[in-house]
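The data blocks that follow each hold one structure.
Paired with chain B in one complex and with chain C in the other, chain A is shared by the two complexes that follow.
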Partner chain A sequence: MAASPHTVPPCFIHTFSFTISIFCHRKEVSGLKKNKTMIVAFLAPAVIMFAIIFVYPIIRTVAMSFFKIEGVTDAISKWQFSGLANYIKLFNTQLFRISMWNIFRIWFFGGLIVMGLALLFAAILTSGIRFKSAFRAIIYMPNVVSAVALATMWLQYVFSPKFGLFKSIGDMLHWKWLSKFQWLDPDHLFLALLVAYCFGMVGYHMLIFASGIERIGSDYFEAATLDGANRIQQFRYITLPLLKGVTKTNITMWSVSSAGFFLWSQLFSMVVSNTQTITPVVYMYQNIFGAGNSVTERNSGIGAAVGVLLSACVVIIFIVCNKIFKDDDIEF
Partner chain B sequence: MAKEKKVREPVNWKKELRLAPGYIILSLWVLFTFVLLGWVIAASFSTSKEIFSGDVFKFASGLHFENYAKAWNTSNVSVFFTNSLIYASISCALLILVCAPAAYVLSRFTFIGNKLIQNGFVASMGVPATMIVLPLFGLVAGWNVLNISLANRAALIFLYVGINVPYTTIFLLTFFGNLSRAFEEAAAIDGCPPMKTFWKIMLPMAQPGIITVTIFNFINVWNEYFMSLIFANSDKVKPVAIGLYGMINSMRYTGDYAGMFASVVIVFLPTFILYIFMSEKIIAGITGGGVKG
Partner chain C sequence: MKKKILSVLLCAAMVTGLLAGCGSKDTPAESSSEAQAPAETSTEEAAAPAESTGDKLVYWSMWDAAEPQAQAIAQSIEAFTAETGIEVDVQFKGRTGIREGLQPALDAGTNIDLFDEDIDRVNVTWGSYLLDLEDLAAANDYEATANAGLMAACREVAGGTLKSIPYQPNVFAYFYNVDIFEEAGITAPPATWDEFLDVCQKIKDAGYTPITNDNAYIASLFGYHMSRLIGEPATEEVVKNGDWDDEAVLKTAQAYEELASRGFFSETIESNQWPAGQNTELAMGTAAMYLNGSWLPNEVKDIAGEDFNWGCFSYPAVEGGVDGTEASNYGAQVFAINAKSTKAEQAFQLITYLTKGDADKLLSDMSVGIPADSNNAEWPALLSNVKPVMESLTTRYPWAAGAEANADMTPIIVENFTKLCGGSLDAQGFVDALKAAGK
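Then we have the complex of A and B:
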């Protein structure tokens, strides 16, 4: 947490509150009653919002996934119980299987690229270079600008076969394969999507890794230097093992953003339900809200089942992560 | 303190040379980012013809500000931009009003359900939007508000606020936790009721945290896409992210590339400018607390 300028020395607070609790014991009791109304009044708006936006929809979505429902807005009385039929149907739909495969590829390969680059950049940033905060700020920048604008820049400029950045770089270095590479061909569209998406995501995960590295005490490295370990050995044997908790955070956050993967996929599919770029969220969107040339039957239950499956994936990854990185007993 | 020391330190060439690979890697990445942004900005000031011949940096025919005028006036960017500005500012203000009191109470008082609420808020940050969007659509459509533009706007703001309640509350909670209790105790001795103490003393003291979280909320609401796509029912109420998507599609067919890049710049500029001035605060907010898995 950023240090607040208003902190009072802790010893002062302790003596202060101790004196108060001795002299104002009766006041404390009457104060507790007043606090009850205060707790309720202060909590109510946030908790009610939370119940409406998260608790109620989550419960209803789980229920919906076991029913056949014609319209999204249908009342519960019109639902027809169908057990696991929605899930079975989903797994028998080729387009959905493709979308799950795509999101897995994005999560796995994109995850490897992003985590690798993020760790590399974090290691460089914390190695004592100059202009550290400038580098850090510029690399994080893509995370704050509108993803629609960012995706448009990549699609319309970087990947353009006529005036694109990659074509210019290829021309400049006389790399024929690069200047001729058709990024936006149906065959290469997934690669283009992956490259553009990863470019934007590296910054965030880099910040998390860098803050983890900075929290490691410098005495570890000093001791290792005295023992004759070089920088790469120090990284391998001190930094990496101590980054377990931070890695867990990063993988969890990466999985959460992968599960909601929608915008980039929608912008990169020039044709409706392009099999290279479709993801489960896009599949669900097209089924429920879309114009509907890929829709065979109206069933909101299937859309709900997609949501439940994605959430289940996030939960499973979270549990597995906690298992793998469990022995995080090193305190620093 | 360490920072000052570093600035005064003379250039140690041996050390810098050892770090050279690091400098090269980061510089290439940064250079790529600069070329990407610089080209798009340059393209937005040139003509579609110049873009296709690859001479955007020459400005042979001068600066074409009319691209911006055209995008702003004829392709509805002004409407989308104003919408987003209204949604983001009102949502940010409401979020503080809703979350700051809750965060304060959660950080200060022990009561049954405190931990449960906190854990629920943290867990909900990992819930994919697909998990909540169907019932929300049923709910909002059931209120029959999607055909009245003012009600549609209110519904959008309600959703933006709701989605960001857990994050904002948890962020402010850690912040209030770090503030000293001595202030409330002093106020209580002077006979100030706890609620008044919060509004008059504690809330103003949490200002640094409130500013940081508001920047995050502004960026989140400005860039929000999935919910807006589903719930913004007409062109009149669409925020920039959705509006830009529609505009790009139409401009691709008309071949107005300069106009398209001008719209892109208009859309990414507000959060970009905010970032230029606030990057230190934003980065401190990310690495300091807020997000913990």
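Then we have the complex of A and C:
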């Protein structure tokens, strides 16, 4: 398969393209044919590191997904070839299908909430309001607090059916539906997880949107104001179209973090996993290191197959994103 | 030409620097004597014994440094070194650190002389890395003051030979608030299911919640009831093979449907995400009983207070069942020695030191745990009622009595059993949900 630039991590895209650009530039300018040794010498470290750190693990993971392997570091001689059995088992296992559905829900619904709020806050913060820095810091604050502390706060304080914040608010306002709402029962745990996770993620994406909005020159808005456009029209016809590239970045970042969703899932269902919070990475972990307190069957081959499927999902999202948000059709 | 040579030299220096930067590095906080093997060896069988580059004994511990167990062990290791002159590099990896890191480290030939974890994980998951300890135990007359039942359990899980030494024993049973029992007029803990129902009713009548639990342990309720009915091996088969049509499944569900319909569970049982039930209900004195391990009094002691009156009884026997109150999950953390260790005798010396006499007592006191040395007959006051239960057990169940034997089913069992206990699912609905999960 030809490597699309979006199938490898961004840091390596930079390193690789930087190296290539030096190579091309030198070739054009000074006819580097004489200096082949130098090219090899300078390229070698990056290429070797790329091969060891990225190419080898990718190839090994794909290969592992066709074998039954008990320990993740078992010698290759211990691997038992199983063909597509790992993939077939995954598709036939309800828990894995649930985990894929959960990750889709987190990506899609969480994405809508987070991107919507982030864009709204970014637009408000860049509209010249007072105490902009203070508001920005407050909204970003959850990103600097440990996820463990945040999850504990949500679980043991905010959502608690006995002493929770929502229960207290419900009691205060005499809203029985709110004070009696069981956020953490099997029917609502996913909702609770989504609320808590999105709360922590809005600030990060808001900053990216805000930086994108600040890049747009004030001339456009001044001209639009003179032409009689109101704030909403300016946002709809100037800000949004010019944020295309930034939106693509945000969706990419959101997709990558969603695909690797693990910590919040673990924190919302400690010790044993839960049907409402399990994600493919948690399922992968259980297959590699065992589940809960029990000694359960391990198969790193299934873990590898989960990794391959997740990568395929991320690549598909990137391709779709690239189709929808074509780069550079507007320059400003 | 000179420039070329200089450039090539600079290049070489850069590559060397890069590789050196990526290499392993010993830090004083982690290990002062660790011999890291190249990453490539992780994929190959390390044929030669792991080399010890330092004189220290390397011990990877399952405890987090802040836990009382770790503090007691660290204190005892200091005393051990002062007494014997043997220096120990103890690394508190925590449970996750050991679970994720031990096997890759052993495969990579990392110098680890001894490690510890749960009896089943050490002997089953890492069994092939363990040194057989029969000779060392015999030579040191280790078993003279060891808990015979736990030594037998260690041999049983290791396939008939001794590959691990137990410490911090634990037992899984119903833990209850004796004061609530007394207030409700209950004179003896229940031994049968009918007595259990009677006890629940009395507690409810006295104004308390009879039973609470959390998502982390609720599958055990299912596993213990099933195992009482048909035995643990049969329960494990049902869970692994998805034989949800087995009549024991429906019987178990019906028993719990009755508990739920009579209002014996906490009102918030469906929302109890660990540790909410144990902390805010049992320890706070609003709920009376919780099926859990003997580590519970230690976990909640800061909330419950030192004057909390702990009681303990084995899961009740059910009518026509295969197992009675003599069966439960009991076990221990265990120490094991790396088969490739070059300091096996010193490692065994350390294990003996930590599991006997003053060190064992210190660990028991600091962690409110059960002592391993049979000479340490006095148990912590909070666990005094656990002793008769522990001593009455003759059949050993694995974790959750087999209910969590199938990782693909555990979350589905937990979800539906929680709903059953909360009353939002009936017995047949529970069975149907499990059957649907296999499709």
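In this section, the second predicted complex is superposed on the first by the 265 of 332 C-alpha atoms of A that agree within 3 Å, B and C clash if a C-alpha of one lies under 4 Å from a C-alpha of the other, contacts with A are read in each partner's own complex, and residues count from 1 in each chain.
By our rule, contacts are C-beta pairs under 8 Å (C-beta built on N, C-alpha and C of every residue); 3 or more make two chains touch, one makes a residue touch a chain.
What you are looking at is a predicted structure, and each value in this text was computed from that prediction instead of being measured.
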| item | value |
| --- | --- |
| First (chain B), second (chain C), both or neither touched by A:290 | second |
| Which of chain B and chain C A:263 touches, first, second, both or neither | first |
| Which of chain B and chain C A:170 touches, first, second, both or neither | neither |
| Which superposed partner A:94 touches (first chain B, second chain C, both, neither) | second |
| First, second, both or neither for A:184, with chain B first and chain C second | second |
| Chain B versus chain C as contact partner of A:275, first or second or both or neither | second |
| Contacts on chain A seen with chain B and repeated with chain C across the two complexes | 38, 41-42, 45, 49, 72-74, 156, 162-163, 289 |
| Touching residues on chain A, where the partner in the complex is chain B | 1-8, 12-13, 16-17, 20, 24, 27, 31, 34-35, 38-39, 41-43, 45-47, 49-50, 52-58, 60-61, 64, 72-74, 120-121, 124-125, 127-130, 133, 135-142, 144-150, 152-153, 156-158, 162-163, 165, 168, 204, 207-208, 210-211, 248-250, 252-253, 256, 259-260, 262-263, 266-267, 280-281, 284-285, 288-289, 300, 303-304, 306-308, 310-311, 314, 318 |
| Residue ranges of chain A in contact with chain C within the complex | 37-38, 41-42, 44-45, 49, 71-77, 93-96, 98, 155-156, 159-163, 182-187, 189, 268-276, 278, 286-287, 289-298 |
| Touch list for chain C against partner chain A, complex | 4, 7-8, 11, 14-15, 18, 22, 42-45, 99-100, 103-104, 107-108, 118, 120-121, 124-125, 215-217, 219, 268, 270-274, 276, 280, 398-400, 404-412, 414-415, 418-419, 422, 424, 437-439 |
| Chain B residues within the chain A interface of the complex | 15-16, 19, 22-23, 25-26, 29-30, 33-37, 39-40, 43, 51-54, 97-99, 101-102, 104-106, 109, 111, 117, 120-121, 124-139, 141-142, 159, 161-163, 165-166, 169, 174-175, 178-182, 185-186, 188-189, 193-195, 198, 205, 208-209, 212, 219, 222-223, 225-226, 229-230, 240-241, 244-245, 248, 252, 257, 260-261, 264-265, 267-268, 271-272, 274-275, 279-289, 291-293 |
